[in-house]
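Read through the structures below before going on.
Next come two complexes built around chain A: one with chain B, the other with chain C.
Let's turn to the complex of A and B:
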């Protein structure tokens, strides 16, 4: 078990390094840097001015060196620029070059500075992650129990009318991406287009929910994300439930005369929930997509919204920070799902 | 001109009946659901004289009621669809006129279904689809959009106005608004209203279908070619090749899709030429696939092999060069007369293929791992068949069931991805009528004007739902074998 976790951890770190390198490479391509120089310096810069601007700020170093500095395993650059000013990667504004530390990268906790929000990347990411965490928590609280109940109800009597209706419902929810269900839900529940509400029950924006989330302004974004993931988890739960219900020990229990509800609750449920656990954990990357769409649609300024802002405004350092966090969220959930699966499934654990 | 109402003069007396019947149907459905949880399932009881009788009870009664109510609902919907064909313009309102516009689609659907149902025993898996209700409904919805896309794209039939023309005074006007005198168009109304730039929403939505129907299946086919060509050897040989390829696939899968899109689909990245190189890499796989497929089959008959391989590879190679060769990008070497077409949204196409390929790879690899231990593979190995022959002509045909099902699901997923790209305004021009961009345009004023955003949303939902139902029907039928 220990060796298994160690190996998974090794692969995870390797994957993280590769992924961050790819993101770093893509964000540091020539045209992106040129755009950065023009937005930070002067929009009418000549080509030579752009080159010297980039050279003075260490952007013209070879890619692996830049990546190493950004990661914090190579010492940060100290460059005497063409304009006779010496700049160091690690010097904060106003700090003399000599006092600056030699290493400053992600590993040292220095995430850089956002050009859009004019703030430290780490603090932006932290606050926005908090807001998105709130959203995700609410989504999980709605989605997981809902999906498991639907899946178990559908799977306990395969082929019955309940099964067919619930399966159709889960197919419909998986076929509705967030930007479709969000639009339909807002139109139906947050405007008077279909139903002549006396008072409109829900708000079509969730901006207010950032400080004070209540049922009125938080319900629609949460249900929009939850619906899309719900169908998929429900289908997996149903598949695993039907498989368990045909197992030998369930037949034995039935022949013994155990009542049906008792069979479902005591014998089937625990075994049927192993597979959905992995699926739920692997849903996190998908939820991340949903979060970006829903936060844009409902104007909830969380992590997904920051991703859109950073990518849309060529905010390189912020985009890198956001990418790291999302890549790590994905990888850690994969790790947990692997370990959890082994841990929950006695057949694998013992062998 | 008077504005159109939703159902016009006919609706005035048809609507109440429709509402009552739909209400009853919904009640019957809910009662059935609730009863289904508690009441015992309907069973068959053998009578002493050897006949069987259904022992339904209350559940059986609601089931019968539900069935007849459902038929009544269908019949009424048919009235709404057929009546406008006979009655003069505008009598059945917006619904009627839309149905009238879709007339070629209805005819094509009826012909397809009649022919398919008559010859369904001779049509293999496709014919079996018509044994499953779910599959038929799914197939019907999908074909509806396919025919719409074909008729709009090739003959310019269904759309009522030009999807780019702005008519002054119709900005954000509600459905059924009359257009000013002298406006170019087939009918004097905007059936689904005008959007925020005063363009006809109905025409935009039907024109948007051509984009999805053209790109989504094609991108999925390319993703399958890549996934199959890499997944088969990974599963068959295993070892280092498998480890490396699986690692790369997991690497791409660990990227949140939207982040990947934001990194890949930007004008700056297009400028560097990365999408062109990716296209050159990804689109070579169909060539490899067909080359190896035919070569391994006719390896023992060199004359026949050359006769088949040369024209196939020649045509595919030409198509390949025309696709990757684009004016103004890094890959631009073909003379103009050889370049068949220019895809302006190559970057969208490439990124969608890129995102889908690793998942296909994983599925194919898993299936291969399972199938390579079968007896027929061992038999082929004993016969001395080559590895690629076994992979492509022994393993792949036997993996077709799950792959066909996944193909349908994946087209739906690709449709969602294309919509996502449009929703974030990535890679597509803002005038493009595709559904994602139209939803994005509409959502900005969603709290004030609902009508611009809803039709594309419903269209996208119905297409993806149709594909999912189709996949479900196919899975059900292929499991019966």
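Let's turn to the complex of A and C:
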């Protein structure tokens, strides 16, 4: 088990290295750097100004050197610019150049500085990850129990009226993308477009929920994501439940005269949950990056929004930070789901 | 305001006579007279009327205002490319001069100024008693240092260098030796090598924020030294920026009765989609918009918000770039092609389809009736048949024109309206729409694209910024020696009537050369919930946060 986790960690670091190098290479292509200079300098800047802007800030160094500096295996640049101002990679704003350390990279725990947000990458990622975490937690609390209940109810008697109607509902919610269901929910529940409310029950924006989440401003984004994921998990649960319900040992139990509720809860449920468990764990990476649409729609500034801003503005170090976090979230949830199998199904042995 | 009017500029008296004779609108009179150094009160006095009462009496002290606005990263004020940045920094970084909706220039950190007859010498009198919020005095040295900074062409993206181009020595890229002269602690003299009437207007523009000595643009929030009444409490780019009253600072404006009523101003970013702003307004999460655009004017009024409207010289141009090469040829270098484009487009249709008739049609000259020296020069006629003839004559009938625009509401629609009319006239047109995040990377280089331009107070300003040969913002690739010479001539004539003759020639060149399609002048809108005062939409988007208040 220990060896297994170690090996997984190794894979994780290797993946993160490869991915960040690819992101680094792409964001450091010429046109992207030019764009960076123009968003940071002045949108209406001349070509000569772009070149000197890039040179003064160390962007014109060779790619491996820059990557090494970001990793922290090479010393950060200290450049005296054409405007006679000296800039050092490792100097934080307001700090004299002499006091700056010579190495500042991921290995030193320095995630770099975001050019768009003018802030430490680590603090931005932490804040935004926290906000998306809040959203994810709320979604999970609504989605997982809801989906399991629907799936189990539908799957315990295959072909019954309950099964057919619940299956239809879950197919519809899964087939409706968030940008459709979100807009419909806003129109129906947060405006007077369809119903003449005395007071509108929900808010069509979740910006205030970042500081102070309550039912009124947080319900719509949560339910929009939850509905989409719920149908999918419910379908998986139902499939796995129907399979278990036709198994030999269930028939034996029924022949022995065990009551139906007892069969479902005590004998079928645990085995039926193995497949949905993986699906639920797979929802974490999806939630992390898949909330982009909902965060934009409800103007909730979480991790998905940061990803969009970083990519849209070619914010190199922020984008790298986001990539690292994404790699770790994906691989760690996989690891947890692998370990979780062992507890759900004692027949499985790891490695 | 206690300004010395003994040395009143002779032209001001002349203007007053013109206004009375009906040759000049009141707004034009105010713009001209105040840029010559008169106070607004004195200017109104020349007309024999009292200055209009301000809404100050109804303002309530205190309160928190929440304003929807894009919250952008701060940078060196000289390089500001978005007025939203200035809205936030205006809390502590103030301006020498303030430009107002009635077209007047009011003194802020300057107490007054005088301009000599041929606009080659400016005397700037610094307001006494102004203090930086670190306790030191604001002096003539500070003014001189800032003007020197504006004239530094070596700072990448410094757009103030364009506004103060007359003071810059081409060889060094810095201010001409001896042109900025500190006379005493409260007086600065600008000795211009050539006439320029636009310097006061330049000082009032949003990148002209006055910064302290040892100013560090990288650490503006961490070390907010300035002269203004507020200080930054927090700034999260793209999310929220908060200004709070600087309790430790005795702002000069309190004594001058300027206001700064609010205790706290929150700028909250709801992205670029106006429907999100309306959702925020409906949810009572904001009190006021930065700007309302297009059809959302009606939408937001349906939820009971109030409107503020101002007719401005803000506009859009859809211009071919004369230097652009497409497949080895320069399609728009030929005057006939450009004229054909202009003649195939009916500007009134662009206004109707692109901006829902919220403005006035224009004549492709980028100078309009809101400018002091605008001349009534006709534009090219709308004649699609003749246009196609010209295009065929130029041998470009089969050429596919690619028209690029940003992906947003009115700019996209107006460009679509141009493209549709060109197609109707028989041109071969392809439309390309680029998202806002990447559009500005190459905005001057697209062969044929649309750009929005803000209002400028004086008629010659935009021509100097966007159409003079070799200017950084010359997106039309226009280079015309006669035009440059006339523009230099116009820039030396402080008298608008005399200047109008030159302007007529400039405007004729703009039309005849088919430099650009400039279809209409926009009216600007802003909405706020009832119960606010001093929040009017500004004609040039200038930040005047100190005027805003809740009604008493």
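Heads up, the rule we're going with is that the second predicted complex is superposed on the first by the 307 of 351 C-alpha atoms of A that agree within 3 Å, B and C clash if a C-alpha of one lies under 4 Å from a C-alpha of the other, contacts with A are read in each partner's own complex, and residues count from 1 in each chain.
Just so we're on the same page, a residue touches a chain if its C-beta (ideal position, glycine included) is under 8 Å from a C-beta of that chain, and two chains touch if they have at least 3 such contacts.
All values reported here derive from a predicted model rather than from experimental measurement.
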Taking the superposition as given, does A:152 touch the first partner, chain B, the second, chain C, both, or neither? neither
Quick one: classify A:318 as touching chain B (first), chain C (second), both or neither. neither
Per the contact definition in the header, classify A:162: touching chain B only (first), chain C only (second), both, or neither. first
Thinking of the overlay built on chain A, is A:175 touched by chain B (first), by chain C (second), by both, or by neither? first
With the two complexes superposed on chain A, say which partner A:53 touches: chain B (first), chain C (second), both, or neither. second
Considering only touches as defined above, state whether A:82 meets chain B (first), chain C (second), both or neither. second
Is A:209 contacted by the first partner chain B, the second partner chain C, both or neither? neither
In the superposed arrangement, which partner chain does A:281 touch: chain B (first), chain C (second), both, or neither? neither
Given the superposition on chain A, which partner contacts more residues in chain A: chain B or chain C? B
For A:41, select first, second, both or neither according to whether it touches chain B, chain C, the two together, or no partner. second
Chain A residues touched by both chain B and chain C? 31, 35, 186, 190-191, 204-205, 296, 312
Going by the contact rule at the top, pick out the chain A residues touching chain B in the complex. 11, 15, 18-19, 23, 26-27, 29-32, 35, 153, 157, 160-162, 165, 168, 171-172, 174-177, 179-180, 183-184, 186-187, 190-191, 193, 204-205, 285, 288-289, 292-293, 296-297, 304, 307-308, 311-312, 314, 319, 322-323, 326-327, 330-331, 334
Quick one: in the complex, what on chain B touches chain A? 29, 32-33, 36-37, 41, 134, 247, 250-251, 253-259, 262-264, 266-269, 271-272, 274, 412, 416, 419-420, 423-424, 436, 439-440, 442-443, 446-447, 450-451, 453-454, 457-458, 460-461, 464-465, 467-469, 472
Note: in the complex, chain A contacts chain C through residues 31, 34-35, 37-46, 49-50, 52-53, 82-83, 93-94, 115-119, 186, 190-191, 200, 203-205, 207-208, 210, 217, 296, 299, 301, 305, 309, 312-313
Tell me, which parts of chain C touch chain A in their complex? 73-75, 79-81, 154-159, 216, 218-219, 222-223, 236-239, 268, 270-271, 276, 279-280, 282-283, 285, 435, 437-438, 440-441, 443-444, 472-473
